[in-house]
Amino acid sequence: MGDDVSGGPVTPAPPRPARDVDAQAKAAVLAEALPYIRTYHGSTVVVKIGGEALDDPALTTTVAQDIALLSLVGIRLVVTHGGGPQVSQAMTAAGIEPRFVGGLRVTDDAAMALVRQVLVGTINSDLVARLTAAGVRAVGLSGADGGLMTAERTVGPNGEDLGAVGRVVSVDPTLLRSLAAAGFTPVVASVVPDATGGFLNVNADAVAGSVAAALGAAKLVYLTNVEGLYRDLGDAGSLISELTASDLAAMADGLSAGMRPKVASALHALEHGVGKVHILDGRVAHALLLEVFTDEGIGTQVLP
Amino acid sequence: MGDDVSGGPVTPAPPRPARDVDAQAKAAVLAEALPYIRTYHGSTVVVKIGGEALDDPALTTTVAQDIALLSLVGIRLVVTHGGGPQVSQAMTAAGIEPRFVGGLRVTDDAAMALVRQVLVGTINSDLVARLTAAGVRAVGLSGADGGLMTAERTVGPNGEDLGAVGRVVSVDPTLLRSLAAAGFTPVVASVVPDATGGFLNVNADAVAGSVAAALGAAKLVYLTNVEGLYRDLGDAGSLISELTASDLAAMADGLSAGMRPKVASALHALEHGVGKVHILDGRVAHALLLEVFTDEGIGTQVLP
Amino acid sequence: MGDDVSGGPVTPAPPRPARDVDAQAKAAVLAEALPYIRTYHGSTVVVKIGGEALDDPALTTTVAQDIALLSLVGIRLVVTHGGGPQVSQAMTAAGIEPRFVGGLRVTDDAAMALVRQVLVGTINSDLVARLTAAGVRAVGLSGADGGLMTAERTVGPNGEDLGAVGRVVSVDPTLLRSLAAAGFTPVVASVVPDATGGFLNVNADAVAGSVAAALGAAKLVYLTNVEGLYRDLGDAGSLISELTASDLAAMADGLSAGMRPKVASALHALEHGVGKVHILDGRVAHALLLEVFTDEGIGTQVLP
Amino acid sequence: MGDDVSGGPVTPAPPRPARDVDAQAKAAVLAEALPYIRTYHGSTVVVKIGGEALDDPALTTTVAQDIALLSLVGIRLVVTHGGGPQVSQAMTAAGIEPRFVGGLRVTDDAAMALVRQVLVGTINSDLVARLTAAGVRAVGLSGADGGLMTAERTVGPNGEDLGAVGRVVSVDPTLLRSLAAAGFTPVVASVVPDATGGFLNVNADAVAGSVAAALGAAKLVYLTNVEGLYRDLGDAGSLISELTASDLAAMADGLSAGMRPKVASALHALEHGVGKVHILDGRVAHALLLEVFTDEGIGTQVLP
Amino acid sequence: MGDDVSGGPVTPAPPRPARDVDAQAKAAVLAEALPYIRTYHGSTVVVKIGGEALDDPALTTTVAQDIALLSLVGIRLVVTHGGGPQVSQAMTAAGIEPRFVGGLRVTDDAAMALVRQVLVGTINSDLVARLTAAGVRAVGLSGADGGLMTAERTVGPNGEDLGAVGRVVSVDPTLLRSLAAAGFTPVVASVVPDATGGFLNVNADAVAGSVAAALGAAKLVYLTNVEGLYRDLGDAGSLISELTASDLAAMADGLSAGMRPKVASALHALEHGVGKVHILDGRVAHALLLEVFTDEGIGTQVLP
Amino acid sequence: MGDDVSGGPVTPAPPRPARDVDAQAKAAVLAEALPYIRTYHGSTVVVKIGGEALDDPALTTTVAQDIALLSLVGIRLVVTHGGGPQVSQAMTAAGIEPRFVGGLRVTDDAAMALVRQVLVGTINSDLVARLTAAGVRAVGLSGADGGLMTAERTVGPNGEDLGAVGRVVSVDPTLLRSLAAAGFTPVVASVVPDATGGFLNVNADAVAGSVAAALGAAKLVYLTNVEGLYRDLGDAGSLISELTASDLAAMADGLSAGMRPKVASALHALEHGVGKVHILDGRVAHALLLEVFTDEGIGTQVLP
């Protein structure tokens, strides 16, 4: 019968015991995530993982889990990463003293070889392995793979020769799209060839911004070692939850040197169609999940 | 540079405030859901909603939300439903006294017309509307649509003529698969045509089991008005968390009349390749989410 | 050899008997259908079946056969239907007196429940069963299924409250197209949800016109209980074979109350890209076949 | 309202005039065709047109119309043809006397050049033009095109050298399938290359049988200049409506020399999965339509 | 007309030097071809083979090999051909004296029958057989196949009636594209139906130009019996390597009668988007390969 | 190990003769390549480039050009590479003395970090850049990317602990196939993760063999620093052109230590469906082109 209970003697359900409150709380969390999953299902999210986060294996593991979860609900992730601390450490170990001009690392040929070995040969493949362990079908890339990016040399603020330091001049997202369509998650290291095939050291925040712009990403997320942007750098209570691109541009000069490339890249991405930029504290476990799937969000969110 | 912090003056992160404990708990719930999402991504889950659950608008709404969430993470849902209480109520209102033989509703032609009007014309389209409101692209069906099912007449336990009461003899899942591939969620009412095109009243639990078997579903979930199966019907503490099909078959005779069609359908489904059958308390908010996405699960789970 | 007769002794064909005249006539009918099949192959035709036609099982059967034939030659059919007489009869049986204001049925909540039960729970699924028996893979729908249509409440000519009576405000043909692409024929009942999910009673002629417009149908055919439009309502000899939309608009005021919604819907459809509208006598066996496949056509044809 | 008549004053339909009887007869013919269209929709039918039929422009035109109609209802047609009378006429005009050994045309090099010119350069392209005029997207082919067929030389019954006379040794239906998938209708002339690329004259009935076998055709139809097969060659009343392959094999020796290649090819086709073989009188207008679309069929039908 | 006579000093193919190429030289040749393969990979190249070239079996074989090689590296070839000398020879043999007005062959009905037999029934299928032997999946076509081309009658320079002589008025490249997509190489004979289905004799150079224009070909190559265009017809040293369309238009009046249709067609093609036109000496072995794959190219190249 | 040392008499690349190839000779070379292009069109060829070849920029450039040409004619290339000399050099520079046991490099954790940096961070991305410059859409991979390979630890011949040295236990070619289908050429470095995600140093010849077997490659080509295999290691005249797998197995014991892994991998590949294995002298310019596209081939060819 279409009626799902028979008409026989109705056995009354036994008295309901007190329900586990935790179960209902769990259900509420999952239900809260619903509209966000709907919103971002099928969207592209670019996540830039800072070098500091990559030094903490436990953190890297939760970031990998977060990326796996986001992938499974139909979000197309592209991961980019830097590795500043690791490069500096490798240089010191090799007897080369790290040197900076205007916040940019002076990168001679020997240094560039080290940068590639550390970023591509160590950090990128470690991250791929960690993501694989979390169930992500990660594929490590540099700017050379599949003609993904080209860069050109830049100089310091006063025209100083910085060696093999460059900025992105073009992004061809074909390979990223092919991999995503086949269910793979690209992981991009920030070394990029110039027109002659020589590799340049490019700021990883800028790479993230350029890739997000080329893909028309819905979100660009910076996982950093700060909680977000502050109105007043010395006042932890002045954390900014949300601001617009023009607000951000206005306050750019007052920011720390390390934050400036992020801000420039964020503005570039927002100008080129990226939906939102987030600056999160990568040291908070599951920061990525909390940002995407909860009502409160965390860190600082920048709107176009 | 590939290194993601500039080398300029390192601005120390402000002292971290105490983190919101809730945030970490939320993240933990989401992370716990991860392996389940991975397991069921792309799988088919058939959910049978009992008539009682459909009388409580608040419950129907949370069930609809759960189905929406499951859909969004890539699970292919097929919903089936009964409507016994509603049919009985309509019959009484129309001056026809509901009558049962061996737990089966005697369904003469006038009653059958009412069954169709209630199940197809009221309950099914109400459920479609509720699912639509939750963001599900639901499509209401009966067994006649797209040649989905055919049934044949059955008699009572002692050969009594039951009128237009039948049992499923074939399921053609083509329409269900076409709808799923196009992103729609089928909602199936348990009226099914026989070979001559006349409609029969079929037990909704049996419809759920037959559909799940035809689709090779990963899960078949019965949302009922009990907490699950009990070892001892009078003892709420004897709820069974998990048992096998053969255990279930052994205890079938001792079950309440209302539970028997569910058990028979569950055994049929498990014999035909369905991965697991669940008997859950549909009166618990988000029972479906809790069953699929948490480590504890709820209700009774039957393994092949 | 390429030459298909051998060169051996040529056996003269025996004298040809007089041919069966019927055979040649049959062949001529089939050959006459050729250019029409070519013209409409791959086109969409929306057929609105009036409630009266649905009361005659023999007629419904020939309509179902016609729809099957049109489908088989590559025409994409969408069927819509009303059920006015059946609704009035059900209301009377339930002790509710049918009441009309300006030709629109006053539909309070109890009446609306009946409308849904009759149109969706009885007429729609009966029609699906009949089409299935004729070999059509029919799928019954209401406006709620797959988000097909939304409606809003309307009032009577003098602002009277009509209850749950509405007019179509949007049509999303995605589900219709998905079903057609998979070889299924949608059958649409004229109950449509409003923005809150509550169902409204919508004129079936208007539903047909809106669906035809949304699909850019080649033809919209009304199967009615009249032979077509008359210049002079009392004069059967004044049947109009063909007229333009502007002619039709000019004569709208002089038409019977029952014809007005058809005319308004026809004009709406023609304004929105539908190729032709036909008003046929659904009581004539195979009216649909004759209209589409013969040189004479039947009934009244309205050109844009 | 869902009810399609308004409730206003019901305008009675004017008295119905006597219906045109012809209209109902037309409708009946179309309706009779329904189950046949359903049966053969998507099937492949190979039609062999005899050389005699091709000499009568009016007949060729109706054959072309029939093929167009069959195509439009979703039947995949492949046309093959011979041209014996035309070849003999061309040879005589060129001063070469046609000569036959055991029913096979002796074909020296000069004759073979003529066979190709007549079959490919005249008959095939005339037939393509006629089919095009009827709305068929015909494409003329010989056995060489797209590697369709290869043949090998044969000798006469007593080992006589016949020159460039051959039999089919392989058929590669790839090109036929590609053309059909793109909506084109292949028209195949019976000249076929051997392994060295030299062309051979192959019996057109045999080509039709081999092509039908390679395609697993549902039907193979011979349009001939006789009404069908007779039990008794001299008795027009002994026409056989239907027989089996084994019956046909048993009576093969008693047939006329011109009929033998057809019979051998028909048996070959039926052994290789072709559904039915028909021998029809191509001189009857629309013989093809009548055979496929009417209950009586015409001519002789051979079952496997 | 299908024939493509041209004039100018007849340059005999240069004597082939003894060849002894070592491994490195072979590698160098292959490597030199690389950028050309890259450039033309996926492009369409139309090759017109003159009637003279088709009289030399050895040459036809190397042309077929060249076409096979071009196909294998991903170039989409379409072959067109004439057959003037062969038609004249057949007319003479049949006792009809070839007659020309303003370089156009007067073609009465008897002549037209011969033109079709020679071009379609002999030359086209011989060429298909030769290409097949070289591994090309060639498919022979005339203008009638698949509705490829239509033509209309033309008259002589002074209005003379030329009989069945025409010029192309439309090209539908659908069939060519379908065949190419399925890996087949079309081979087009220059007989084209007019609107009534009657065949016309069309200049083969014009057919090549029209087809190349309709396909937006990257190259149109004329394989002729001259080395190319000369500045001074009597001076073999005045061969032109490269010129523009406007240069070519300027020198058109001074060209031989046989070269004029090529020039007119070349200009037509270049105006309609064809990338380059080449006039090569078809008597040089592998002229096609050398033109496409080597740095020097051969013959005369015309740029837009 | 990623390094691929081999031995035997070092044959210097032959002096390149002055080259002067005329047009006909060029055409002959191109025409000779035809059957080979046909044979390998659509096939997979795995090319292993030895570490020595990668030290000579000019050679790497011609190898890249060869790979580009092979890709353009429709061959699906997968490139693998080692880097033994480069690893040894980096270890020495870092103050770690390279140490071998039974021909396998002892690889402690510090050494493994260096191996990854050199193979993935330097050699692989240099090779990708070089291939990109030649027009190949190369994508660099290690065994971790997309779950391509897993390995397990091995010990020395006498059970010595070798550290992070492993052998391939599984290959999942999904990523390779996805990239190939999208027109990218994978370049695989021989570092492979074990089940725990830790990286192991795997012999590059073995990686090539395992990848070729998993893909069912038509050819596996080793580009080495020897001319091929010799019957008598000391006698340059004893180069073997062709031998079978069983011949090769029989002579395995007499080979140099560097050749043994190649031989074992070659035998493994041939047993698992690879069509042919080639051992070529990578120091000869365009060795790859000459092997694939010329009648003579070069080096040693091993048949199954």
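For reference, chains read A, B, C, D, E and F in written order, and residue numbers begin at 1 within each chain.
One rule holds in what follows: contacts are C-beta pairs under 8 Å (C-beta built on N, C-alpha and C of every residue); 3 or more make two chains touch, one makes a residue touch a chain.
Values in this document were obtained by computation on a predicted structure and should not be read as measured data.
A.B. asks: Chains in contact with chain C and with chain F: which ones?
C.D. replies: Per touch definition, common to chain C and chain F: zero chains.
A.B. asks: Farthest chain from chain A, going by the mean of C-alpha atoms per chain?
C.D. replies: D
A.B. asks: Return the distance between the CA-based centres of chain A and chain B, expressed in whole Å.
C.D. replies: So the centre of chain A lies 39 Å away from the centre of chain B.
A.B. asks: On a C-alpha centroid basis, what's the spacing between chain E and chain F, in Å?
C.D. replies: Going by mean C-alpha positions, chain E sits 46 Å from chain F.
A.B. asks: Nearest whole angstrom, what separates the Cα centre of chain A from the Cα centre of chain D?
C.D. replies: 67
A.B. asks: Based only on mean CA positions, could you tell me how far chain C sits from chain E in angstrom?
C.D. replies: 56
A.B. asks: What are the residue numbers in chain F that touch two or more other chains?
C.D. replies: none
A.B. asks: Chain contact topology under the given definition, line, ring, star, complete or other?
C.D. replies: ring
A.B. asks: Touch as defined at the top gives a ring of chains. Read it off for me starting with chain A, then chain F, then onward.
C.D. replies: Read from chain A toward chain F, the cyclic arrangement is A, F, E, D, C, B.
A.B. asks: Please name which positions on chain C make contact with chain B in the complex.
C.D. replies: 113, 116-122, 124-125, 128-130, 132-133, 137-142, 144-147, 174-175, 178-179, 182, 184, 191, 193, 197-199
A.B. asks: Using the touch definition up top, name the residues of chain D that touch chain C in the complex.
C.D. replies: Per the stated touch rule, the residues are 1-11, 13-17, 19, 23-34, 37-38, 41, 48, 50-52, 62, 65-66, 68-69, 72-74, 81-88, 98-100, 102-105, 107, 115, 119, 135, 165, 189-191, 201-205, 225-227, 230, 233-236, 256-261, 281, 283-286, 289-290, 293-294, 296, 298.
A.B. asks: Using the touch definition up top, name the residues of chain E that touch chain F in the complex.
C.D. replies: Residue list for chain E touching chain F: 16-17, 19, 21-34, 37-38, 41, 62, 65-66, 68-69, 72-74, 135, 284-286, 289-290, 293-294, 296, 298.
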